[in-house]
């Protein structure tokens, strides 16, 4: 459902932030590109099972472009600079999408017979459950990848300290590129899944989920994948519940209000760690 | 062991700075262990000890960067422990840092001005242009601070572009601009060659002549033995010895703790 | 001057004010991407005052600004414990909360999501806007040369050391938020009374983000940076009309390129000193 979408964006975002300290504001737009590419491939006649991975590759590449211009030139600059650069990418991608695909909304063709059922006041379709399942598999796979494989360990080493990682024999350049690619692929996958799940594809679809995805990561705990998942689910649930109980107009109010409170009361997030006391003087 | 030099002359009722049973724990690590200390006005004190002995931590406790786990710190009669750092600074305690911390966007002159900022009394005065003779006493004080440290010539240069030794002096100038009662110097001679160290000694002496009490953390024994009236030795957060340079030079425990340092 | 050009210059004036409103907290090292929220507060409060209470413009603007400033100060205190990205996120949430507030509440007074129409019959003269711009620039001029300005620079450079030399950084940081909010609130009021129509959608996240961009790209270290940033970003689109629909993409590229070419923004502190502009040969050797 919604939560897993936010979680996927949060993960894509967290990968870059946690491993490379890189704040990718354009993650919402990469998400959007995933859906847009996916739809294009489907319209070209490709089956969904091909369109999905293909779109993920495309968004991975898009993220590599971001790496080239927003990360590589800025080894020593303050973190604000890459952030602003990715804002530029965000604007760029959105505008390109509007021009190439039109600002109309479209949707994926029906690919499955939905069975609807209710849990409490909430309406869920079987389509959404399948997608949720897929998203969960993806997330679990990523988690295992980072924890168990050699490349995953390399990522964690780079996360600790970029310079030392090279000295220890980790190919940082590869890791960096892989992280960006992976982040893009995951965001793109999220986009397609979202498009399938909610039948909406438009160049503007990335704005709102993008911000909420970033918020999910902050609420869930900075810089670790599990925190991103928890945060995403949390925000997704809050949003759905507030629509159900209060009404859709107050939905954003509730979500942002809660994120705000969360930041004030528990800034390190649900799974985060409290930063060590003060700096060394 | 609390013998103070020239006791007959130092007949103040309250010492300038008192630490009583001060403790600082970081989680399980004890950084400062039940430390008691009296600093009398007008003297130069040295704080020495091996690395990690807790010296800078004490500075941080005095200036309010860290709260004490227990114990108290008094400036004359005022309890410093509950106060925020800026209040402690305004009461008359200034410091320098182990790694030089200047303001990257300011010139030397501006560093001295900002050092004495809180002295400017009137609220309105705070928003009037500085270049005017507004608060001419303060400007005179600022100028004096620069001249004592030999920085008057480079007052308009961006402080971070100066050579290392001069940067250290700018840090000191900033600290004395407000004519503090107590000046804390954290390894001022770090990274200095012999000529610069000699210059430093004369600077500290001139500051002392202004009536400012000085507490110096140092590793360079030439500085410590050459200029301190009284020395406190720390190890593992505890005071292991205290006395005049002569006494410390001959102290067994100190020599053991240092192993190989020239006395 | 045609009415189109008039509108353009009013936009410019308001954007300069907004940029300065973000510059304030940024000068103490606090990034705020929620200032559209303060602008909204100022806009709605002053509009409600002139329309429902029939208060004259000047006091309405002031009260709108003060309302925003009070909220700004209230926000400033808890904001103290948030650093960097967390603070930015909190300001973003704040902006959205304000926008949603005006969308869902006070409907009878403000028209809610449908917008507030008929704020006065005649738009205010453009000199109101530029009067406030001039006033603000004078304020920042004096501030930059004063001891208070020096304290702000110190806080921005190194908070910990600033505290240790006697600067009350709590006061400075909260006050910076409050003053920034005031300026944004006044800008909002001016906007409302010039365009005669406001709706919550105007004060969205992207608005806040653009305002922050004006400052970051124009130069964060002096008050002329935001002015230049706002000017370029307001006026540039006019010269890019030929790009039509691709303006956005071009914009994005400009931002990306500018960050690579000049990461500290266009205007630096050095540029404000006369001798920056004198050719090297003529400068006296230090």
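List of remarks:
Per-chain residue numbering starts at 1, and chain names A, B and C are given in the order in which the chains are listed.
Everything below uses one rule, namely that a residue touches a chain if its C-beta (ideal position, glycine included) is under 8 Å from a C-beta of that chain, and two chains touch if they have at least 3 such contacts.
Given the structure is predicted, the values throughout are model-derived calculations rather than measurements.
When each chain is reduced to the average of its Cα atoms, A sits farthest from chain B. When every chain is reduced to the mean of its C-alpha atoms, the one closest to the centre of the whole protein set is C. The interface carrying the most C-beta pairs in contact is the one between chains A-C.
One inter-chain figure worth recording: chain B and chain C are separated by 42 Å, centre to centre, where each centre is the mean of the chain's CA atoms. Averaged C-alpha coordinates put the centre of chain A at 30 Å from the centre of chain C. Each chain gets one centre point, the mean of its Cα atoms, and the points for chain A and chain B are 50 Å apart. Listed for chain C are residues 160, each touching two or more other chains.
Multi-chain contact residues of chain A, defined as those touching 2 or more other chains: 278, 281.
The residues of chain B that reach two or more other chains are 65, 97, listed in rising order. Interface of chain C with chain A (complex): residues 31, 78, 81-82, 84-86, 89-90, 92-94, 96-97, 100-101, 103-104, 113, 160, 205-206, 209, 213, 216-217, 245-249, 251-256, 259-260, 263. Looking at the complex, you find that chain B touches chain C at residues 63, 65, 84-86, 89-90, 94-95, 97, 101, 103-106, 110, 113-115, 117-118, 120, 125-131, 154, 156-157, 174-175, 178.
Contacts from chain A toward chain C in the complex involve residues 23, 69-70, 73-74, 77-82, 84-85, 87-96, 98-99, 207, 211, 214-215, 218, 249-250, 252-253, 256-257, 259-260, 263-264, 267, 278-279, 281. Interface of chain C with chain B (complex): residues 142-143, 145-148, 150-151, 153-154, 156-158, 160-170, 221, 269, 286.
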